[in-house]
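One structure, pasted below without further comment.
Residue numbering begins at 1 within each chain, and the chains themselves are lettered A, B, C, D and E in the order written.
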Amino acid sequence: GNGSAASGDGTSTLRWATSYFPTHWDPVVSGSGAQFRELALVYASLTKTDENGNAVPDLAESWTYNDTGDQVTFHLRPKLTFSDGTPVNAAAVKAAIERAKTQKNSALFGDLTSIKSVTTSGDLDVVVQLTQTDYQIPLLFGERVLQVASPAADPTALDQKPVGAGPFVVTQLTPGTKVVLKKNPDYWDAANIHIENVELVSAPDAATVVSGLQTGVYNFADITPNNAEAAKAAGLDVFVQPGFNANNISINVNKAPFTNPKVVDAVRHAINRQEFVDKLGFGYGEATDQPFPKKYVAYDPQSADKYAYDPAKAKELLKGIPPIKLTLVIPSADPQAEIVQSQLAAVGITVDIKVDKNWATPFFAKDLTLSLYGTTGRDSAVQTLTAHFGPNGPLNLSSPYQPAGFEAAVAKVRQTPLEAADYASVLQAATRAGLESKALVFTYSSPNLLAKSKSVSALPANPGHIDWTGVKIG
Amino acid sequence: MLRRILTLRAGRLAVGILLVVALLAILGPWVAPDVPTAKPLQSLSGDHWLGTDYLGRDVFSRLLEGSRDSVLGSVLVALVALVVGVVPGLLSVLLGRVFEWTTLRLVDTLVALPFLVFAVAVTALLGNGLTQAMLVTGVLVSPLFYRVTRAATLAVAHSQYVEAARISGASIGWIVRRHVWAKVLPPIAVALAQTIGVGFIIVSSLTFLGIGVQPPAPTWGGLLASDLNYLHYRPFAPLAPALLIMVTVWASNLLADAIRDVSGAAGRALVDARKVAAR
Amino acid sequence: MSEPILRVADLSVSYGRQRVLHGVTLDVEPGETVGIIGETGSGKSTLARAVLGLVPASAGSLRVDGSDVTRFSKRQWRAFRRRGVVQYVFQDPLRSLDPDLTIADSLIEPLLVRGVARAEAVARAEELLGRVRLDPDLLGRLPGAISGGQRQRVAVARALITDPALVILDEPVSALDAANRVLVLEILRELDAALLFISHDLGSVAGIADRVAVIYRGELVEDRPTRELITAPAHAYTRLLVSSVPTLRSATSDRAARDELRALLSA
Amino acid sequence: MTIALEPGFAVIRVQRAASRVLLTVARSLAIFVPVFLVATFVTFTLRALSGLSPAHTQLGEDATPEAVARIEHEWGLDEPFLVQYWHWLGDVLRGDLGRSWSNGVSVSQLIAEGLAISLSVAVLAMLIGVVFGFAFGALAALRRGTWIDRSITGVLTVFSIMPPFVIGILLVEIFAVGLGWFPSGGYIPLEVGFSPWLGHLMLPALALSFDAIADVARQLRAGLVGAYAENYVTGAVVRGLGRRRIFLRHVLPNGVGPALAVLGLKFPVIIGASVVTEWIFGLQGFGRFANDAAQAGDVPEVQGVLVVSIVLVVSFNLIVNLVLGKITPASHRGV
Amino acid sequence: MTALAVRDLHIRDLVGDREIVRGVSFELTPGKVVGIVGESGSGKTLTCRAALGILPEHFVVSAGSIEIGGRDIAGLSDAEWTGLRGSTISAVFQDPASYLNPSMRVGAQIAEVIRVKKRASRREARRRAVELLAAVHLRDPALVYEQYTYELSGGMLQRVLIAAAIAADPAVLIADEATTALDVIVQAEILDLLADLRARAGLALLVVSHDLAVIAQLCDEVLVLRDGEVVERGETADVLHEPRHEYTRLLISEHEQYGLDKYLEAVDV
């Protein structure tokens, strides 16, 4: 390989090609999970997560709950400013939370149902009143839900002129394609940011991303597993950023044939998770039957292998049921669909794959019978659980159906402080309750696979996040 | 006509290749060996003549299976273009000025559109089906047929022999049947052969962009596009579908040239000259 | 006295705004051969096309074989043409025969259009070929495979196949060489039909026409028996024409007279 | 006598040239206006048929029917179809292509940014196409019937039957990864420096030019061979003019017409194929924008793409017609 | 001195493998006019082309010789031919429009010859070209200079073609069916023009036609060609009065039976 073609400029520039280039730079509006990693270049949040998925300080130095657990106060770091000079104070954070709750095109208000009101106490203390006891709030106010934009900036202009208090400042932005940033000297942790410039571009065809890395057009990019070998062969560092990715088969129990629980069970047993890993993972990723990775606190070992791969049993369950023909609707061509198709075919269920650009309409209106979805997860495990299994969870194709006992189990988690001794078991119980849901069959977790040129040093292994603290280039 | 084409070496070659392709299209899905899925991305072996794909399916069978859709796809493109182009092309000469003006403007419109951009955009609007992609592409290449038909018809309509027929009291129908058809058909055949080639390239490009794919139904273009993603594992894999596409396109072009060469009086002379030379 | 086969009275024809013929009056009696002479663009072909109904008259009237065709509708024209009373021979025989039809098919087209059975039509075609001194072998060939002289004779035969009363010939011999020219002229001389023989070359008309009409810039300037016209041309254009026709005996002697007439006409 | 005529020459010449340009412009406009109306109307109709809506791009996982209706109202999509078209057309005529559904940015602005890149690539591709197309075509015509002619024809055939994405990936593998001559993708603005700019444009332009090279060369060859067979070449030979002069002054101007006409048609093809090449070469140009817009179902963007491509192509044709008219007035007779 | 001498010329078609012209001879001296008549395909054009060194592909001079200005053309190089054509021997043909470049102003095509052959300056060439256009009796030569072929009539084009052919003052001009497609009146004008040129500039002319009367207008000597062979040759008057070959007699009788001659004779008598 030849790494010098375009990297001769000396200063430490991160040239990042991403397949998830943000469609919108207002953190309140942007909807997709993966894009928050890019937005985090510009915006800091109240908290962030550490390697174990625990909430740690970001803009907030610390936080304190009241005794009943229905009020939490975040204590901000002093003397911080947004890149437009506006101070990062309690008023600014209050405004940010309220904007996320009220702005017309907010994609977040569904996540903020626990928030009753926000008040300030002094310049640096933000007091959040909750509708219920909810110890998840510090996790919630991380990168996914509360990236804080400057209150002085016009919200409608944020898309083109993002103003945050993150590690970098946007100098030039071409919507949908490219953004150029430079280091923010006023970032609270600027001392640990060693990258001077960032050029983030929307990635080309997956097959040519590796060539781009190899020839120095980029020095950092997400890659697809099938390109990992090639990237390694080209002398690149290939690594997996841990995360909460989990793919599932979404089932609508309100529609035939899934109104029949036997059919649902048959599907559960027909799925060979390992085949997904073998064929799509190229040595990365793992089979999963939960929306959490094995070592994560929310992972419930008791639920493991509850519906093991057993085609014989699936066929048995389908006996006496008239032949089933299903349409699997997906937004774009995806080999997962072909695997699902062939596995279901093996137990006698015929599946037609339909690629529909308009997929989102029927999916979120819960009009589909069978579909696929993959989540990138959330920092708060409760949030992940309610999104998938809750009666109004966007990822629950069977709304308003929810598994029995799930609601109570979740409430219990919220009421358990994160540092409580039984937090893990309470949380796992909620996961167990959720997994009773007939609406979802988890298949495998695709890895957050990244490749970088050797000149870029290793990244902190924070799950689901791409954190540039301490990373050096050169 | 076919007999005349076959007197040319290029014509025989083209017809031969296209016959094989047609056979593939008709029989392909039937004769495709039903090989069970195996380890993905194997290279060539006795079990898998062309290796296996990313899901472990036998590439050779997939190519055979894909023949029908691939061929039908570009034939559909050509047929749509034919229907949309030829009829107005003929009528633009024979019907009144208003029709002529309108169709000419429409054709100007279509020609002005950047092909792929439009195909991509319209398929997006129409929904992501192979059929939609094909229809759009067909309409987009129809100006070729319109122009070819119109030019040939115009030339004939203003010829002295058509005037001679009119002087004898012949009707429009008579003139079209007796004089126009024979002149218009060869250029249409040329255009048809060309369009089949163009259709292949366009449909495969759209597939590459992920437009018009309906998995798991394979097409040559789709196989080619997906093979490009696994170059590291099977570097020569794209060769098979690429060659199939290119040879088919090439044969279509050859056929178009051959038809052009042998049609009309000059073509007849050429063929006669060859016959004489062969004796 | 019988009615003339063609009676053109005060005919004017325009293409759009451009007036091509003005007030042309001309009668052709049955069996008579009339030459029409004029320079390029003078309107000779236009006159012929008007007679055939291919261009409408803007003024004046046309009677052909006793019918007033001036105001005929398309349908009437088609019916009238099918009777085959008037036929037409083009200058360039290659272009007036469909290159994809055999000689036989081209020949019998006027009969087929009329609804005559094919066998009958072919028999008639064979008979006609003899009259134009062609071998019946030719019937199966394509126009590209016979010589120019033969083609022009085919075109003449095609015109004769309906037994027309009037044949209009537009420069029928100017593309032919001497031998073929003589042959075609001989064939034409034997015909009973009235002929309207169009040419820019007085020489080729002189031997066959009973009368010659001279068109100059869309007007019929002279219409007289051939001998009279040649020996005592009245109009300046006719005089120039007569002195311009190359003959075996004229040499550059008339040069001065020609220059004078040219000057007169271009003034 | 001749001296008195000199200004006469000039006046006649200028008048003729001016009226020719005016005529070409008028004719192109006469074609453009109806083309434009028809094309925009069709695209607009397609939008109505597509059932796509800005709501989902924006609302993501929160798309309740009420929220969807609210957003559609905001975008004026609940108005009658013709009213919508009328508003849209009015805006377009004022140069406003509306706002993107995904991020509300002005579509004109988005396209303008991408267009700079795409046009650089397209122009370079056209240049390569012209240079190599003419060189190959002329060489084949001058050596017609020889092995040179045959091998050029063979290569051109291969060029023309390769799908554009295969060409693109081959070029990346050979020139970027293999030889390391050019970067494999990306774009560097001209301000940064000429040679990095050109270097980044080179491969995509090359990929786009293949088809143009093949077609231009083929047409030029046919045109030149045809022109060589014309009587005026015999005429020039008989008047004692040299080979080179005959080629440059008599054969080329008359034989180049079809090649130029094809060149005119190549422009839309190149703009079209840029959808593929920009996807491969990671260029954020017009083609990539078109693809992204289409894949995202962002209708205002898609419509903007269509409008701009029509305008582009028509203006390009205008230029080609003017050039063609300058080189060969015969084109005015439709010869 | 002979301007053009053709001696026992044979031309062979290599593909059809037959001799198409068999033994044509004639000699042109300054001011002399030789005519060739013959039916279509008799080899008239091939003879002219041989003299110009532009035989179509696969035709060759298989025997005999051609001398231009005393120089044998066998073995002339390309460059030598280029030097010879235009300035020593030149030609005009039937269908003048096709022999002029449609995309160049006609005047420029004449000036081009003057510039190349006479090494004249641009201005000088233009001046001479306009003069030449006047010399071939074109009215308003300055306007014609600026026009394109499609703007001119057949007669005007033939004059332009002649002007271009004589622009470099050749000794021999070949006129192959130069008047065939023209109106008789225009034909007479062109024939008069050719006679003028011969008288004024001492141009030697080779006139080809299938019309004996056209030849009779101009020529001192006539060759009658049939099937590639000269069947009759001699002084024009002799040939007309005492045709020996039957084909010549056919040519004459065509005029006597169908042409103007019979009427004119009546006047003469």
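Definition applied: contacts are C-beta pairs under 8 Å (C-beta built on N, C-alpha and C of every residue); 3 or more make two chains touch, one makes a residue touch a chain.
Protein names from UniProt, one per chain: B, D = ABC transporter permease; C, E = ABC transporter domain-containing protein.
Because the structure is predicted, anything quoted here is derived from the model rather than measured.
*Asks:* Which chains lie in contact with each of subunit C and subunit E?
*Replies:* Touching subunit C as well as subunit E, we find no chain at all.
*Asks:* Keeping to the contact definition above, tell me which chains border both subunit A and subunit E.
*Replies:* Both subunit A and subunit E are touched by D, going by the contact rule given at the top.
*Asks:* Decide which interface, D-E or B-D, involves more C-beta pairs in contact, and give its chain pair.
*Replies:* Result of the comparison of B-D and D-E: B-D.
*Asks:* Can you identify the chain nearest the overall CA centroid, using each chain's own CA centroid?
*Replies:* Answer by centroid distance: D.
*Asks:* So, comparing C-alpha centroids, which chain is the farthest one from subunit C?
*Replies:* A
*Asks:* Going by average Cα coordinates, which chain is farthest removed from subunit B?
*Replies:* Greatest centre separation from subunit B goes to chain E.
*Asks:* Between subunit C and subunit D, what's the gap in Å when you average each chain's C-alpha atoms?
*Replies:* Chain centroid spacing, subunit C to subunit D, equals 53 Å.
*Asks:* Can you give the whole-Å distance between the Cα centres of subunit B and subunit C?
*Replies:* From the centre of subunit B to the centre of subunit C is 49 Å.
*Asks:* Would you mind pulling out the distance in Å between where the CA atoms of subunit A average out and where those of subunit C do?
*Replies:* About 90 Å separates the centre of subunit A from that of subunit C.
*Asks:* So, what's the distance in Å between the C-alpha centres of subunit B and subunit A?
*Replies:* Their C-alpha centroids are separated by 46 Å.
*Asks:* Which subunit D residues sit where two or more other chains touch them?
*Replies:* Those would be 52, 169, 279, 295, 297.
*Asks:* Using the contact rule from the top, write out all pairs of chains that touch.
*Replies:* A-B, A-D, B-C, B-D, C-E, D-E
*Asks:* In the complex, go through subunit A and note every residue touching subunit D.
*Replies:* Interface residues on subunit A, with respect to subunit D: 1-2, 5-6, 17, 23-25, 29, 31-32, 104-105, 107, 109-110, 156, 159-160, 174-178, 201-205, 207-209, 211-212, 214-218, 332, 357-358, 360-361, 364-365, 387, 394-395.
*Asks:* Could you pull out which subunit D residues touch subunit B in their complex?
*Replies:* Checking each residue of subunit D against subunit B gives 31, 34-35, 38-39, 43, 46-47, 49-50, 52, 157-158, 160-166, 169, 265, 268-276, 279, 287, 290-291, 293-295, 297, 299, 302, 305-306, 309-310, 312-314, 317.
*Asks:* Could you list, by residue number, the parts of subunit E that touch subunit C in their complex?
*Replies:* It is residues 39-40, 153-154, 183-189, 191-192, 195, 210-214, 216-218, 240, 250-268 of subunit E that touch subunit C.
*Asks:* Considering the complex alone, what residue numbers of subunit E touch subunit D?
*Replies:* Residue positions touching the partner: 52, 54, 78-79, 82-87, 90-91, 93, 95, 98-104, 112-113, 116-117, 127, 130-131, 142-143, 145-146, 148, 150, 161, 164-165, 167-168.
*Asks:* Along subunit D, where are the residues that touch subunit A in the complex?
*Replies:* Checking each residue of subunit D against subunit A gives 51-53, 56-65, 68, 70-71, 100, 102-105, 110, 113-114, 169, 172-173, 176-177, 180, 182-186, 188, 196, 278-284, 288-289, 292, 295-297.
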